[in-house]
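If you scroll down you'll find the structure; I have some questions about it.
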Amino acid sequence: MGMGKDIFEITVNGLKLVVIFLMMVQMVPILVWLERRGSAFIQDRLGPNRVGPLGLMQLLADAVKFLTKENFVPDTAKPFLYYAAPVFALIPGAVAFSAIPMSSPIQVGTFEMFGSTWGPYTFLVQGYEIGVGIVFILGVSSLAAYTLLMAGWGSGNKYTLMGALRASAQTISYELALGLSIVGVIMLYGTFNLTEMTLAQQGPLSFTFLGNNVTASWLPNWGIFYQPLAAILFFSAAFAESNRLPFDLAEGESELVGGFHTEYGGFKFNMFFIGEYGHMMIASGLMVLFFFGGYTIPYVSVAELNEWAASVTSTAGKASALVALIHFLAFNVKFAFFMWVFIWVRWTLPRFRYDQLMDLGWKTMLPWALANTIITAFVIYIASL
Amino acid sequence: MTADAFLFWFLAFVTLASGLSVILMSNPIYSALCLAMTMVGISALFVTLNAFFIAGVQLIVYAGAVMVLFTMVIMLFDLKKDVQAFTKGKFTGAVKIASVGLLAGLVVGAIAMSVSLMGEKTTDNPVMVGTGMETTKALGNILFSKYIFGFEALGVLLLVIAVGAVALARSKGGTHEH
Amino acid sequence: MNHSLLMAILILAPFVGFLINGARYKKHSGNVAGSIATVAVAISFISAILLVVDLISMPAEGRRIAVSFFEWMAIDKFKVNAGFVVDQISAIMILVITGVGTLIHLFSIGYMHHDKGVAKYFAYLNLFIFNMLLLVLGDSLLVMFVGWEGVGLCSYLLIGFWFTDKEKAAAGMKAFITNRIGDAAFLLGMFVLFITFGTLNFSELNALAPTVAESTWLGALTLGTLFLFIGATGKSAQIPLYVWLPDAMAGPTPVSALIHAATMVTAGVYMIVRLNPLFIMAPNTMMVIAIIGAATAVFAATIGITQNDIKKVLAYSTVSQLGYMFLAVGVGAFGAAMFHLMTHAFFKALMFLGSGSVIHGMHEEQDIRKMGGLKKYMPITHITFVMGWLAIIGTPLFSGFFSKDEILAYAFHSPMGSPILWAAGVVGATLTAFYMTRLMALTFWGKSRVSPDVHPHESSAIMTIPLIILAILSVFAGWIGVPHVIGEHLGHMPNFWEHWLHPMISPIPGWTAIDHTTEWVLMGCSVGLATVSAIVAYQFYVKSPETPKKIAESIKPVYNLVNNKYFVDEAYFGGIINPLINLSKNTWYYIDVNFIDKMTFWAGDLVRGMGSFVRSVQTGNMQQYAMYIGIGVVVALSFVIMR
Amino acid sequence: MNTEFITNIGLTHYLVLAALLFVIGMAGVLVRRNVIVLLMSIELMLNSVNLTFVAFSKYLGILDGHIMVFFVMTIAAAEAAVGLALAVSIFKRFNEVNIRFFEHLKG
């Protein structure tokens, strides 16, 4: 997890962290626009279309509005928690998102600068690589419950408190199903490392069963074909984790007003908003990583792509940059698709009732996730015989 | 000062400060949040000790579940600042603090003694220097072979606890019958 | 098939039957349960046959199939294996147990078919067979003791099978408690033998017996064997512990046939025969056994004359015949004892089953005064019963003749025997002939005294077939042990029995071959007297039924004494049980209540007083407790560091 | 001043840190009155023990310490569940979670 061995590498890695954070934050306005336009599309209306072309400048207008709103603290609030909560809301999302590999690493050869020789370097297209990637991401995102509780209790309002309790209880409950559903994936790939998982999914579908190599060249070697149940469970749990419809029980105009962030306005509300989108992004990113080949291109293995890139470019560094670009695009296409699914589902499905939500989590998804784990273990054992 | 040393002192400061706050804050909510902070700090300390998986589990179990539970319960009770946060009795209080202080001194002394006896011997275990995956595999191996009995026993314990906690929480409450 | 597998099947088949029937005793119909149980015992029987065939094919010396399944317990030098052995003695026993057992199971299907707890009955019966097999196959006294206790339990369960009837339940308890006394003695005997020999294994005991007898105090041997014999009197219903057997007739009749005639009650005889090298070293014990046996034979026979319950007559007859066996054992005629054990198993089982058939046909009527003339209603039962009768009274060439005669010959001629013992035996035989003829006459012959609302009928085939088989065995089983004196007139028929048992039986010290004239004379005496008494009985009870009443009137005190079984039960109550109860009551009141209880109360008060003083430390303040822990840790740690 | 102690981080540092955390937790158990804070102090003590386990594990090169950490975590979670259930019971009865209410339990 080192930052690098000399000043150049450290600088680049530091900049990279900032860029990834900004990328995550800046994606939010685009997603908001997408959500508003998308919901309008689904509901057969127009959506924001006045400010700028296709309403794209609406985001800017929103941002200005958020910034210029009056900053107030409710009388009964605990000021420290009230202010700290939105800040903390950003942290888990940002930290976890930085651990997601978005493309293959870029090789930089030796070069001369400021009168000395630098390099060679390998820059990962992710904030930092952690050996136990999944565990780390799960651990960090489980901290999100605190922001909910801090906001809910810190606002000094019954509705916010109830909303926070609901939201955090929901988060904890679904964390279980979420964690268990990916145990099968972990067993399948035999690693916690997200890059290794990604690379395990390159090329066409092929696996070994009882000593026979089975290849299906018409399918990509994606996790979804091995773990369909886990994919469904994981994606559903991810919805609950990010408090999105159909699981947005933390909010409720009739009974809880706006949930834990009722008392927040202006930019503080915006930060919660970014936090929520951060969760969606992590969920989509993990979905792509676990089940849809990560940044790899379907049917094409990384080695083949490297070969091709080497044939069209002059240096190894440029080739790796080209490959990284292609991979980055591939990742983003898949990523965008799942972000769209999040929006799509939100505007399509009705809400659950809270008891139904808990029943679903504890009595349906948890047993299925357990069953999936056990069956996967057996199948892997039998296949390895 | 190397980065490792800096990290250790920083984390030591964070954990000690937040740990002290746990027992000094008169509002239990802040105590709980400080404890969560301590947990995160200890998790980071685990990372400096190359125990990546344990660090992740520490985050998920302690910081993500146990402490959230504490916070939720406290918030549910809506406990205000404790009127009398500390025990009464100057004498017993003095005895308690004294014994705690003595214990601290003794433990630190014992550590210093024993470490100087033992020497700073660091054994290199190839399993434990990797990125975490090898350690985790080795962990799984000994957990399900050498420590299988403890593992199973804990499974039973958890079942009992789950039943017991539900039974306790569902009862009318109180230590006496109404 | 290999021996350990066969042995396992032999022993476990009835147990499996017990488990099946026992687990589903509420669901099985009678026929299903009966079939399961019968098949289980039949499997056992087949494996027993296979084992015995293997045994026969072995060379005469070292005929022995020993199987040790696992080490049961090992405490210092005391090691016991779950070991089982089939040799010449136990081979006979397993054949009798499983063979007769199969027939009786079969009979039970018919006899018990209208009972509600029939599956439970068959489960107990199978459990009994299992335990009996443990008893006879065990290669050490301890394994035998397991079976010994097990058959006692089954006997208790089956006597009290109709436990809703208080008297029957009480009979079961009586049997159990009487047996307990014997079992305690058995245990003491085992202790003495273990202390003396350091082992409980039969073959080791038998091998050690002569050597130890020469070198150490003979008293230990006498004591040990005497204790074992007391155990045997309990199980085999000898004076003074015979009282339970007549009451045990409360159980279902097939149970009486299996347990209280053919198998369990002979366990004592079997045990002594198995340890015969040991017993032969203890002449005093042998004398006691012979006297008790002879006394029981005569004593029980006299009671048998006056009884009116068909099963009670047979019960006292069993006690008497067991007395014969003990007489045989006591004079060193172990082979003869085993021989009589086997023939008795056949004819007594036959007669009990026959009586069961009669009781069944008479709709649960057991009083022979209300029978008579059943010959024409129950031809098969009658014919088979006649065979049993002829066998038991010692009609020449029937099985009982050979065995009984051999016993009497030994009693007269053996250096351990005496003419008095012989005379007692002959009196017993005469009385036996009398009361058995009386039983036949009152039940089957003469005028019918059956009450008009009872319609006797012959039993179904499932009950008569076992009767027929047993009748055949009763007639011919004796032919495998024809004595030389008769054998030489029958084309030099060899005595298979003696050849078979010869290696297992210790020779009687000072034995000289019996001369043929004496043997003929003895035989003539007993047969003649038995014939006379049978004819007299026939005269009394068929021709002139008033005569016995007149005789009874004329010697009323004696008749009453005998009819009330010599008041032995009453004597036991007055002499032993009631004083014991009083003693216990007084001990309870004066020692327990007034002394021990008060002591414990004082102790309790003392502890409570001290406790209430110490209790003041317990404030309920948990943090104080934690503080004590903390201080303790500090003290302990500083001790460790400062040391 | 000897800077070795500051720059060269070894087993001792972790052990002393863990000892201090343990003592802090113990002080919390002894002096706080709020049941929930007591429970949290116990968690703090358990955590410090975990830290020593992991530290020893690293410096001795064996993994058994990690296993112990798992066990401790499990037990801590179980303890928290029961402790909180008890606290909820007490709260329902007395509307406050003070350790002094447990004094009713004395014999």
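In this document, chain identifiers A, B, C and D correspond to the written order of the chains, with residue numbering beginning at 1 in each.
Definition applied: a contact is a pair of C-beta atoms (placed from the backbone, for glycine too) under 8 Å apart; a residue touches a chain by one contact, two chains touch by 3 or more.
Just so we're clear, the structure is a prediction, and the values are computed from it rather than from any experiment.
Between C-D and B-D, more contacting C-beta pairs join the chains of B-D. Mean C-alpha positions place subunit A and subunit C at a centre distance of 84 Å.
The distance from the centre of subunit C to the centre of subunit D, each centre being the mean of the chain's C-alpha atoms, comes to 70 Å. For the pair subunit A and subunit D, the distance between mean C-alpha positions equals 34 Å. With centres taken as mean Cα positions, subunit D sits 5 Å from subunit B. Shown for subunit D are the residues that touch two or more other chains, namely 26, 30-31, 102, 104-105. Among the residues of subunit A, none is in touch with two or more other chains. Shared contact sites, meaning residues of subunit C that touch two or more other chains, fall at 623, 627, 630.
Chains touching one another, given as pairs, are A-B, B-C, B-D, C-D.
For subunit C in complex with subunit D, the residues that touch the partner chain are 615, 618-623, 626-627, 630. Across the interface of their complex, subunit C is touched by residues 26, 29-31, 99-100, 102-107 of subunit D. Listed in rising order, the residues of subunit B touching subunit A in the complex are 29, 33, 36, 40, 43, 47, 52-53, 55-60, 63-65, 68-69, 71-72, 75-76, 78, 130-133, 136. Within the complex, the subunit A residues that touch subunit B are 1, 81, 130-132, 135-136, 138-140, 142-143, 145-146, 149-150, 152-153, 161, 164-165, 168-169, 172, 175, 179, 191-193. Residues 1-2, 4-5, 8-9, 12, 15-16, 19-20, 22-23, 28, 31-32, 35, 38-39, 42, 45-46, 49-51, 53-54, 57-58, 61-62, 65-67, 69-70, 73-74, 77, 79, 82, 84-87, 93, 96-97, 99-101, 103-104, 107-108, 111-112, 115, 120-125, 127-128, 135, 138-139, 142-143, 146-147, 150, 154, 157-158, 161-162, 164-166, 168-169, 171-176 of subunit B touch subunit D in their complex.
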